[in-house]
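Shared between the two complexes below is chain A, which has chain B as its partner in the first and chain C in the second.
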Partner chain A sequence: MKRHIVPPLLFGLALVVLLNADLLEVVLRQLFPAVREVMYTRIPLIDLFREHVVMVLVSSAIATALGVSLGVCVTRPPGRDFLTVVQGLSSLAQTFPPVAVLALAVPAVGFGFRPTIIALVVYSVLPILNNTIAGMEAIPRELTDASRGIGMTPLQILFFSELPLSARVIAAGVRTSVIINVGTATIGAVVGAGGLGVVIVAGLVRDNIAFVVSGAAAAAVLALSLDWLFGRLETLFFSPRARVAR
Partner chain B sequence: MGGVALLLPFIEFKPNRVAEGEAFHLWSIGLTWEPWLLAAIVLTALLLGLSGEGPRVRAGKVAVGIALFAATLPAALRAGLILVTDQTPFGRVGPVSGFWVLVLATFLIVEGSLRTARYSPLLKGAIRALPPTIVILALATGGLDSFAMVQEYVNRADRFSQELVTHLRLAAGAVLAAVTAGVPLGLLAWKRRAFERPVFAAVNTIQTVPSLALFGLMIAPLALLSRQFPLLRAMGVQGIGTAPALIALTLYALLPIVRNTYTSLSVIPDAVIEAGSGMGMNRYQLLRLVEAPLSIPIILSGIRTSVVQAIGNTTVAALIGAGGLGVFVFQGLGQAAPDLIVMGVIPIIVLAVLVDRGLAVLIALVTPAGLRKDPP
Partner chain C sequence: MIEFTGVSKRYGDTVAVDSISLRVEAGEVCVLIGPSGCGKTTTLKMVNRMLNASSGVITIDGRDVASLPVEQLRRSIGYVIQSVGLLPHLSVRDNIAIVPRLNGVDRRTRYKRADELLDLIGLDPAQYRLKYPHELSGGEAQRIGVARALAADPPILLMDEPFGAVDPLNREVLQTEFLRLQRALKKTVMFVTHDLDEAIRIADTVILIKDGRIVQHATPEQILARPRDQFVRDFVGKDRALKRLSCFAVRDYIRQARQISQQDVAAYSNGEHDEEPVVWVNGPAGVLVGVLQRITAQSGAAALSAGARASFRMISLKPEDVGVAPMSSMKEALSRLLGQGMRAVPVLDERNCIIGEVRLPDIEELNQAVL
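After this line comes the complex of A and B, so read on.
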């Protein structure tokens, strides 16, 4: 029990320091006495943090909806024909670096918030789609047959038997894509999407270590705490009891 | 889909580098027979799609897919020759949506029919290699010279090869270092249970941190070290540049290697080891004849993940002054020059896909025959 309290305390403390301008300034002055201007004053870090979170949440929500429904479609009888093609396309696309997808979104849709969201969605759909397909394919035929045997309609089979059974695998895909999104959204700063990358890039351009470190630390804490949160949710929802039920 | 593609804008023309492009439809460029040929191929593809299954239909689909690509590229090429004339010396063309949809259609048709086909791996490989070969031929003969991307390349040919080498060197160096450190770490985590949790916690944490943030966090301590120790500074270790990039990339590449090394050892059943020693093998023979052949494919597939990831992350390293192909990408983003972005991105994608395919073949070759699920 005690072990589970340490990470949120650490993340909470880090966030308080990073997002409270006065506290952050004190800490940065201590760390980098040689740097004259330690605070990025154009936009408060907390606003960039909020932008970053919004970007990740919006894109991950869209990607989850798209990925799961596409995965469900290609594992139904009418969509089966497309299964191999979709799998081939998505495994090929997954070898594309996320940065590459982000950069290509600019010639396609232009600079700003929208292309970043599009790029994030396009890329983060893949792990969710792959895992949805894998989860569905891993369900033994006897189970769906049994569901049909007790009189469930195809829709009921999907919602009460197939989706719950593959939820664990799908959730793992969502976790992967959220973490990738936090990382890619950081680079989103170079295409004018805002977010924590703005401070890092500003620091790199102006050769200001304090900027770089404050942005990088905030992005790292965000990613780590989200990852921890997902880990906790997984153990809560997919406890050993649920595993036995499988 | 092919039908839609024929109606979408096919190519755009720009009088110079920064001007707004003007999009042209396939039918409005002044091409003579090419649009009709494309339409005919698309129609054939549609008919084939409706004519059910069977090896003949499949072979037909593959042929039509390849033909579609072989007709799309020359159409774009001729369009380029028509649009860029002597009056517009800085003119350039770039493919737009219609072209890309046709390329995607090619991929879907060919890949969709190849996946279920019972061709030999060699034949499949040869068919897959056809479209890239056509592109290379078009590039080599100078047919694509009016394309904006190619012009961006020609303007920077020297710089390009230099950054390509830097990119490869950074990615390869990082993966080599990660293998040197990661395989022993994986072994350690497996042999000594006490190390299992901390090792995995550490490599997992590193992977979770955004790449740009990791690069950023490397800068401060390295700058400090470089200031404190003149020897390091003399070796070229600085806050920005190659040193932090290489360290961050190495740390990033660790997870797949450590995880797969660990997995590769844990999946060898005790019974197999016992059978080996029962046959009178000594410790060394067991390692060479039993453990290594079983675990090397799994470790290699970890390395495969690492390399593909490292190629992508090296792009970001350009932001901290380490060079690599990312230089062009970020330059393009900075100058709002889409063609330059594409020129930087495409080699990165090609590199990632090539390395991924190449290692997949290697893994298939070193996998013991008894473990193969399906032929490569």
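After this line comes the complex of A and C, so read on.
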């Protein structure tokens, strides 16, 4: 039990330091004595952090909804013909640099939050889609047959047996894509969507290492805490009860 | 009642089931048996429309299965398969109560029903209702599968090699359990198996299938006594006369047994007797302890003076080694006969007291029906 207390304490401590301007300044001065202006003062880091979290959550939610429904569609008998096409397309989407997606999205939807969300969704849908398909395909034929034989409608088979059975694999895909999004969301700064990218970009432009480190550290702590949270949720929901028999 | 009229199933050019007509009466256990790939599973799956017949009509109580909404049809038919197919993320009681749940039965009624069914299949509800499928043995999982099939109290059960993956010892336990349930519930059952002994044990009628056609449809006893052709003869095996004996229960062939109590052995032995069949000896509380054996002329010659007429002695027997129960099969009785080298076997009640005996000539007479 004790081991589970340590990571949240560490993450909590790191967040307190990063998001409290006074504390952060003390630490940064210690780390970078040569830098004159260690604090990015135009926008408090805590606001950028909040924007970042919102971008990650919104894009991950959309990517999850899209990835899971696409994955479900192409594993139904009528959609099966599109399985390889969809898998190919989403692989292609991930080889596309998110900045390029951003460049294409801005003319269509304007600057700010929306093109960033589009880029993040396009970039992070693949792991969810792939895992949904893998999870569905891994369900033993006898199990869906048994569900059919009992008298479940196709929709009931989906909700009573297929989705619960592949939930674990799908959740792993969501976890991956959320972590990817935390990193990728920093590009939002380029098109004025805010987020932790703002400090990092400012640091790069002004050659200020303290800015870059504070933005990157906040993103890293966010990624690590979300990853830890997902890990906890997985053990809570998926073990030991839902272990697949045999 | 299930009725097939000219039912076929074709996969492209291969004919899996070839114009089958059959009838399973209400309350009857009909066992489909035959070599692998002969079309047993296909036949079964057409009843609940897991497969649709290519031609022909299947009716249940006169109604064409093709005319019913498919999910409703399936919920009214219990379906048990070898792989069981319990949902691993649901507890035992949720698995059992899944069909009532699909039918919109409320949770409390459902769980009460699940407990009833656990009781019915001989598993303690308190111990099993919250278990998960991966915590069950193969035999337990199979019973839960049967409970699930029974949950909505369907009049019909389809069972596809339900005990096929269970070891022989447990299989027999499950068969006994199935027979007990069937006597109480009187479902109309279509049961697929590879195992002739299983078929003989549980079937009211057996349908022997070969290459998608019915070769013989008869009671197990008839199939063993009068195989229709060489294929059936080969399928049932050279020991069919012996196998056939398992179709008969000891209870129908019990004859009165001669018995004396242990104190009377000496007196009896000194008396004058004709050629006796078999005389059993009872100990305290009427429990079987032995059998009298005539001392034959040769073995007794030395002791046989003019006055001494002791012509019997008692051989001790262990009742559990020699006796059969009224519910046992005549095959078991014969096996006991041969094992003990006697002309009769005692039929015992639960306290090992003699009810009667089964005699060798009766078994021989039974076998005269075998062609």
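Everything that follows uses one rule, which is that the second predicted complex is superposed on the first by the 223 of 246 C-alpha atoms of A that agree within 3 Å, B and C clash if a C-alpha of one lies under 4 Å from a C-alpha of the other, contacts with A are read in each partner's own complex, and residues count from 1 in each chain.
The criterion applied here is as follows: contacts are C-beta pairs under 8 Å (C-beta built on N, C-alpha and C of every residue); 3 or more make two chains touch, one makes a residue touch a chain.
Every value quoted in this text rests on a predicted model; they were computed, and no experiment measured them.
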Counting only touches as set out at the top, which of chain B and chain C does A:L48 meet: first, second, both, neither? neither
More residues of chain A in touch with chain C or with chain B? B
Considering only the touch criterion stated at the top, classify A:Q156 as touching first (chain B), second (chain C), both, or neither. second
Taking the superposition as given, does A:L70 touch the first partner, chain B, the second, chain C, both, or neither? neither
Could you say whether A:F96 touches chain B, chain C, both of them, or neither, answering first, second, both or neither? first
Would you check which partner chain A:P164 touches, where first means chain B only, second means chain C only, and both and neither mean what they say? second
Partner chain in contact with A:F111 - chain B first, chain C second, else both or neither: first
First, second, both or neither for A:V190, with chain B first and chain C second: first
Chain B to chain A touching residues, read off their complex: 107-108, 111-112, 115-116, 205, 207-217, 219-220, 223, 239-240, 308-309, 311-313, 315-316, 319-320, 326, 329-330, 332-334, 336, 338-339, 341-342, 344-345, 348-349, 352-353, 356
Touching residues on chain C, where the partner in the complex is chain A: 48, 50, 71-76, 79, 81, 83-89, 98-99, 102, 132-134, 141, 148
Which residues of chain A touch chain B once you look at their complex with the stated criterion? 31-32, 84-85, 88-89, 92, 95-100, 103-104, 106-107, 111, 179, 182-187, 190-191, 196-197, 200-201, 203-204, 209, 212-213, 215-217, 219-220, 223-224, 227
Can you name the residues of chain A that touch chain C in the complex? 140, 142-143, 145-153, 156, 160-161, 164-165, 241-246
